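Pasting the structures in now, so scroll down.
In what follows, subunit A forms one complex with subunit B and a second complex with subunit C.
Up next is the complex of A and B:
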């Protein structure tokens, strides 16, 4: 195994930070990693679309919200556990994703980016308002005993259920990487993402690739929504902060970089948990999230200019 | 939604019939998309229907004109303008949000219609109204009277049940304006009599929902009473995380403006204490509450989910009785008659008006301390309307 020499100082710095956090408050690391898992599992599908279809989907969080409501209603009406409801929900979300693309996004692919942003923003508002009218703005939460699963080390008890987000993020990340590197469709998608005109010249059906990738991303964020509603309360506006966080993570990681999203989520998740761990400082965690993103993007831009 | 639209069409039809006979017009505004406004308007419509069935007021039918304020100040102002100038209402009722009420104050001052307000807890509204607003009858408690009632309630509970120990308080508050002002006013109120500490958290309603750091701090503090001031979206996730972290303070108290749908059905809800003005359990000790509850369920096929239902219902009755006593629609006569109000309300208490810090006509002053027991909100204080004794301590998680 070879290690990039440039990465050595970062690895040492990271290890030192982990040791320091473990010595100070081990739960910061636990909650930080859990939080990172949630952020990454919501952001990865957005990165997929942005990297290949080149669309900033501002309805990303709202799609997750719609899926959460769908799961909630299936679970309530036929008593299916959300983890089992996830499969029919994925199917419905796939159909929804296909139609959203064909009916709306397809027609703005060559339009200015601002038009695309306004379109997806409109889709987001339509989804929020429709759910609000159908289900009212009242908050809903399914009581599930397994979300309170806990472990105790010494005198510290902590929740372990949120590690499912870590598993989902890793599964999603590695799954997409494998798909893009080892399947015909995946390789075609990478080619379309890098150069759609070139891909079309060599016979790749660009539009078919776009439809497929967008539909897959809606299915993935939809499945995350199904899991999200097991842990969190749902209401019509629950998705919008995740659109913003996902977009910020994608920007920080570099457009289309799946592994970059996992590292960025880890950094931000642990930083947030560390700030929350300081008495009276929790109000700063949201600011720290965006501050780190600004610093990373600024440093990258500076380095780029030097090159 | 369909039902709600049918209801509005029906009330508009009844209203037009009433108008033909020279009705007494009552204008109202609530945020109809919110459960408080939705059930508040339903409570008011129910009261109007009952009063009209019983022959109306001064031989006239009541006509209720409801405008959606959408929870926004500008829409609230527009609602008052429309009700007064277009619909030409005789009286105004309603309201929930303090921000909307604050925006409405100048317009209300301009027209000086008699108002029976169901909302606005912020003292800023009272300051904006000023001492001269004798046309303003405020039913909902102000924030400072609420705070004082909690202090009174916990002190009374501590005295009546010596096994309940309340020395150390911890207030978890959402980091927005609502939570921060709750923390500031509670600290001021409680720190003389109790050891007091607190920590903020980001509410799930505002993109948060991770309470672990706050719970860790509360656990370290070892409070006798753990209170949280956040939103309904925080209620169950916070309990689930508290369970995962094995945090079970002797008293677990929530103070959101509303509770999520079916919260009471969750096993975790059992023995959670809360603040509120009404619960269906009051039916056991108050016949007006039972009458309201039965009629509400029969008409709308759902339970009143918030105290705004009985509060708006009471507002209509208070106003109707005031008009009856006045014998005319003249504002001065109605104000004088309303000052004589003694109305046993569905909320479990007799409403009468007396001065608060600024205004002359303050109605209800206390909130109640309730507790979820077997899926029902039981009143544990005030003792006059107590429906069950408190369960103490909050059981350790299994």
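Up next is the complex of A and C:
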């Protein structure tokens, strides 16, 4: 394994931080990693659609919310376990993603980027409002016994169920990386992202690639939504912060980088958990995310990298 | 120069708007005030949009203005006028300073960062309880003008006219050409000798000043501020939909859009308590797909067709 020389100080710094946190409060590290898993499993589908084929989708978190509601209702009405409902939900989400693309986003691909931004913002509002209209803003939660599983190491005991997010994030991350470099469609997607006209000239069906990638990202974030529902309470606005957080993570990781998402999520997840771990400061944890994001984006902008 | 006839219609409209409280009851006046509030916000959003930058931070600066005004009134006991002007000044100052950071970003990055800034303001106010009242918020001992409906109407009308004036100034001055050039092609604008950053900074500061002022006036006439109401996402969403429907890159567009949507949403709110904003989402989608120039854009097109 070759290690980039520039990365060495960062690795040392990271290791030092991990040791310091372990000495202070080991649970912070555990909850931080779990939180990072959740962030990454929402952000990776966005990295695919925004980072690879450059479609801005501000309804990303809302799509996750819709999927969570769908799963909730299937589980409630026919008593299916959410994990078993995952597949039918994914199918429905795929159909939904296909139609969202064909009916709306397709028509803004050639328009100025602002149109896409505002359009998907409109889709996001339509989704939260439609769900509020149908299900009211009331908070909903499914009583599942297995989500409160816990483990004890030494004197610290902690919930283990949230590690599923870490597994999902890693699966998705490696899966997408493999897909992009080993399949025909994956390579086509990278080409379309780099230059749609060039890709069309060499015989790639550009529109088909866009449809495929967008639909896959909706399916993936929909599946995350189903899992999300098993653990968290859901309400119509539950997805909105995740749109912003995913977007920030993609920006932080660098457009097009999938592994960057994992590192950025780890940094932010652990930082948030650390603030939560300080007594009386937990209210401030919401700010950590935005501060780090603004610093990272600003530093990149100053370095003159194109954003 | 334009013909004098072109000024008669707007002047008559301004005059008619000022006379309304004589004919209207308290409830229509309250509706009109809320329409004016959103109209001023929509105009301020459009002023920055003309440079091609989409801000999602309207609610952020609105809330910042609200809290500046109410904190000054409650903690320092300053006069309402001073509180409202300070709200505008503080929002403008914050925008000016943050401008050095965020105005280097473009397109989606700019939009998301402005959204994040609003969230940061909200988290700070939420947590700094000893100063800002925390999640419970602050309450004014007395609203401005003793809550007299017609005075409040004229106050919000004056603020609206200020926003319209600023927007018209932007439209008629050299700023207009600079901002349009930046929107169309930044590199070409730079080569033509336009100072891009300075122009963006002026537009960002001016639009935030209006948003802060509107927030300050709003809080002084309603008498309370809580983080969840002062930074309500609707203060970003509604003006955006209004400006889009009416027609972006103009002063008339946001005015038309705010009148239409403001009155419609008032009725929908009474009929559907949850989810009445669905209409806003659908309007945004439909306008972008089928009518990207908005209603005013259609009117302009018709007019130029008729004139040959």
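Rule of thumb we're sticking to: the second predicted complex is superposed on the first by the 300 of 307 C-alpha atoms of A that agree within 3 Å, B and C clash if a C-alpha of one lies under 4 Å from a C-alpha of the other, contacts with A are read in each partner's own complex, and residues count from 1 in each chain.
Definition applied: a contact is a pair of C-beta atoms (placed from the backbone, for glycine too) under 8 Å apart; a residue touches a chain by one contact, two chains touch by 3 or more.
Note that this is a predicted model, so its numbers are computed, not measured.
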{"item": "First (subunit B), second (subunit C), both or neither touched by A:16", "value": "neither"}
{"item": "Which superposed partner A:132 touches (first subunit B, second subunit C, both, neither)", "value": "both"}
{"item": "Partner chain(s) touched by A:231 [first = subunit B, second = subunit C, both, neither]", "value": "first"}
{"item": "Subunit B versus subunit C as contact partner of A:286, first or second or both or neither", "value": "both"}
{"item": "Which superposed partner A:153 touches (first subunit B, second subunit C, both, neither)", "value": "neither"}
{"item": "Which superposed partner A:276 touches (first subunit B, second subunit C, both, neither)", "value": "first"}
{"item": "Shared subunit A surface residues [contacts with subunit B and with subunit C]", "value": "132-134, 136-137, 240, 283, 286"}
{"item": "Contacting residues of subunit C [partner subunit A, same complex]", "value": "52, 54, 56, 101, 104-109, 111-113, 115-117, 119-120, 123-124, 126-127, 233, 237, 240-241, 244, 272, 274-278, 280-285, 288-289, 292"}
{"item": "Touching residues on subunit B, where the partner in the complex is subunit A", "value": "1, 33-35, 38, 175, 199-202, 204-207, 209-210, 212-214, 216-217, 231-237, 240-241, 243-246, 258, 260-263, 265-268, 305, 397"}
{"item": "Subunit C-facing residues of subunit A, complex", "value": "56, 104, 107-108, 111, 113-115, 117-119, 121-134, 136-137, 240, 244, 247-248, 251, 283-284, 286-287, 290-291, 293-294, 297-298, 301-302, 307"}
{"item": "Touching residues (chain side subunit A, partner subunit B) in the complex", "value": "27, 31, 35, 132-134, 136-141, 143, 145, 147-150, 152, 157-161, 231-233, 235, 237-238, 240-242, 245, 273, 276-277, 279-280, 282-283, 285-286"}
